[in-house]
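One chain, chain A, links the two complexes that follow: it is found with chain B in the first and with chain C in the second.
Right after this comes the complex of A and B.
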């Protein structure tokens, strides 16, 4: 057909063009390699000179196993990267042998909100950002109102973890649900999935972004908070690692919180420091879980607000709820 | 034979005369480009300052970005309905509409991926979805099926077009000079041989069959982003078919609007006839009825029981803050179009186009009503937070970022329709008893 006749000569032309293009690329490659080698030589020379100038000074340092060593200051490198790696791997593994559990005694809560502020201080949160919030509850028109501290329930069947596309939020063997904000892509599927509204998001620049910018990210504290990622209650995993009670638990003036290890069947009250049997505490006081019917298997238990120590007062700073 | 030749010449000219850069095209694309730049500036602001430039906050954390994503995925489903379902059944009158439907499918599916990126807190970590992806997460399923559907749709747009490209390549005088080399490449040396036709025919058939489950998947999985949660309003077992049937409503409306404008601006009155509007009107009524049926199920069943959380949600929709939008969408975007389109008087081009605009606007707001009100009523009360956390209202920046995908869709549809025949030349010729490749013999 007519197309074929025009194809012949064109084809040859193409071949010529192709070979000259190859030559050109070959030359370009040679020039490129030469330039790169030259630049590398210059740069290594520069490093060597810089080293010579600063050498001769040494520092005495304490190693991890307690020895004092003398090191040339040139050999000292900041360990921030490996520090991050260490924190990240600790953060994934959890604390061996533990099954952390919290009990919240609603009969003791009078909405002091010191748990809230201690938590916000520890995690560098803005005033409207809550890992722990105290809610004013009224279950039906005829039942009495009560204050209910509410945090992440660290579910054993966590809906948030199930939906995360990148394994940024995960369940640790010690029961804690954490968020890795080096990983989070900010899709907020976990927020949609959580029935307890436990999760918050850094919509704009976090509170201490400027102050925290040199801090190594600690997944067990979620500090520094990162723009465009999730945050939530972590059961103060960093404090658990040190053998201390969580920030909120220690801050409560009214003996609302117990925290401890399910494996040991023991929980400690943050105010009185009294340690009691978890099973007995729940049995004697009618302990229950929040919305257990959803099958989330929370690790936070509530004791009902009976025989309350304080009369209910409407929270002053509370915004009127939208009807 | 001579007669055959002249009719074919006229047909080819009719269906390809719009393929050129004219003033109208430049003005239209210029307008779209300027508008897109404004929207991109808004997205730049969001990249710099964070998602907080939008009205979404901790309780309503999925706003119009997400409802827009649902809308885009929905609109892209029409390709499957027209070219796969009706095509495989052997419906003849769809011939001039298949390419329009596929173009819409490709444009909306391609842009849907971008819409979802605009909703990410850390868009620079997009690659993590592939590096660290958890197959258990419905988001991974969504990424997979949307990509698959897009590839299938592009192939289904391109394969039937090869013959047309080959026809126009031979009549190079019909094409602008700069377009000829592109046509040369895209024609893939097609010469109407039995072997080539067998391959193309088989490929199209296979793709059409695969397209059906792929299309059902994309919108079912999208509905699962909501239905996999326990929240009132989302916790529904019929969300998959509910979304799919709604998608066909939106898609049909999009095709009708496109038919109207292609017909008038490319002068295709002889090819997209009143008959096609009439038939598409009937398809739209059918789709609307199916969707209405799912709506009744979706709202009546929980409304009869009035479980505590459902009651709050439904009260908000039926008579609360969202009531005006809810009833406008349900009555104006669904019930009224059904009633009107039952009468053949309304199934003419202009009334159909106007009704379709009402339907598609309703479809967009319907997604808003599915996504947002549920989040304003979580199980536990919203307390101790600023007022803008309690009630969602989209910001200007957010609205601009939401408009951007529409501009992109219009650009893609304009470019495809402007540089390729909107109506299949080969198929149309065959249907009219003309042999397209032997006509000049």
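Right after this comes the complex of A and C.
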């Protein structure tokens, strides 16, 4: 009550003032709404104009099946990010229930080097960069020389993975050791750790850098190759996913390579496409692993170069290897 | 006597040279040369054939017309778009793909008959002059029509294949003397189990199933049986069945076990323990030093 009496005179005095304040607020509200509407109209007009400008431009793109198409800039939605995410997660998970294994029959190798060129084509490598190379071997002065294809051994106890400081190189549940060039910092610890010298480093601009610059990076193919990072044999993880034999295996004209799943106890020859039992093949032919004494547990087996089908010829087309 | 020896000598020379030429040439039997595809080639089939060609043939023959075949092989595989390959009849090509001759593999067990025809349909796209002969209709076929049935006998632990053939009277009777092959499906192709066997009087053939062959999680394996027929005189389609007779295989992924090369959550327990304990020890030393420094300062004030 006291309060009311004290406020009463003020209320009466400021009757005009109060109404003018209300008017002021009302006017202000009106002006505000008007301004906001105007601004919104202007802004939407601006966006429309911007859109109109953008839609005038079109871009020429390459589709997955190799066709050039012209697409309006507005209609291009950036899928590359999600595509990359998908490829990256695929690349980490591997193919469930599989344990890939390779068998190389040295008695069949005549250094046709089709495996090498198929591999280099698939992974966009320069002629002196090898994921897979055929080496000329001679174990002692008195023994016969032979050719030996050598790739990453995809060890079950991989020293390269142990030393990687950034989890860029990793082993998958299906046995493949991969390198993620998106994570690789180029420290080359893995190269030093690998006893098989299976890894290469992109010291110079990669072969198809210009052509591949718009490609989404595929960790299962190592394409596009990235400057200043590691590259290595991937057991053609992308082909395994499609149920196809690796590039090198299917390119061999001499029946050197077998590839398959250890869990199924079966390997398929890349040339004859004949599928045989892995355990029997290794048992009957004296299969062995490269430097097994190091405890690296390789997933590549070799069959000894006995009863060789082809005479040894000096290789003429081998490029000096640059790691 | 000397004359007889001379005759014998001449005969041996002739025979040896004959053997030599027959060893070098790849002769297609006359009855196979005229064999024609059972369907018309279409762009769809040619596309299918291209897929099979790039998967199975390109490693030696290269792509037709590009002259990128492997030059080191003997005899040379050659470019299949060239006249030498294209002047062969469909039957000849089919026979050569089917039987193979070293170093060319035989595709009898790798590609089905239809797949082999698709490859030929693809190869013919490189020959603009090619006109396909009329497909072999069902009425034209003069060979046997054989039907296969496959069962697994769990008592004898054997795979039984029963072959019946269609008689002229349109009845099915047990088929004797039919070569049967058994395969098990694997990821990259079918693996043959044992040697081909021939059906007995009851049209029956028994295959041993290896006791140590891995199946899937439940031990299921997919078996395929088909007629072993090089001459093409038997018409039959392969039969596929799945049985839980393999060794159940469910091996964990190779990153499941703890290993020192693995990521943090799969690191060995001793590494995690040693690391945690050393971190705790170092921090407790640092904290105890700080506490004693504060204690010394307090002492100094009083």
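The working rule: the second predicted complex is superposed on the first by the 242 of 323 C-alpha atoms of A that agree within 3 Å, B and C clash if a C-alpha of one lies under 4 Å from a C-alpha of the other, contacts with A are read in each partner's own complex, and residues count from 1 in each chain.
Keep in mind that, in the parts below, a residue touches a chain if its C-beta (ideal position, glycine included) is under 8 Å from a C-beta of that chain, and two chains touch if they have at least 3 such contacts.
Please read all numbers here as calculations on a predicted model, not as lab measurements.
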Fit-or-clash call for chain B and chain C when the two complexes are aligned on chain A: fit
Partner chain(s) touched by A:266 [first = chain B, second = chain C, both, neither]: second
Which superposed partner A:84 touches (first chain B, second chain C, both, neither): neither
Which of chain B and chain C A:216 touches, first, second, both or neither: neither
First (chain B), second (chain C), both or neither touched by A:162: both
Partner chain(s) touched by A:114 [first = chain B, second = chain C, both, neither]: second
Chain B versus chain C - smallest C-alpha distance in the overlay, whole Å: 6
Interface residues of chain A shared between complexes with chain B and chain C: 159, 162, 167
Chain A-facing residues of chain C, complex: 55-56, 59-60, 70, 72-73, 77, 103, 105, 107, 109-110, 186-192, 212-214, 216, 249-256, 259-263
Contact footprint of chain B on chain A as seen in their complex: 1, 128-130, 133-137, 150, 159, 162-168, 183-189, 191-193, 195-197, 199-205, 227-229, 291, 294, 315, 317-319, 321-322
Residues of chain A touching chain C in the complex: 94, 96-99, 110, 112, 114, 156-159, 161-162, 167, 170-175, 243-245, 250-255, 259-261, 263-266, 268, 270-277
Chain A-touching residues of chain B, taken from the complex the two chains share: 49-53, 56-59, 61-62, 119-122, 125-126, 128-129, 132-134, 136-140, 191, 225-226, 228-231, 375-376, 378-387, 389-391
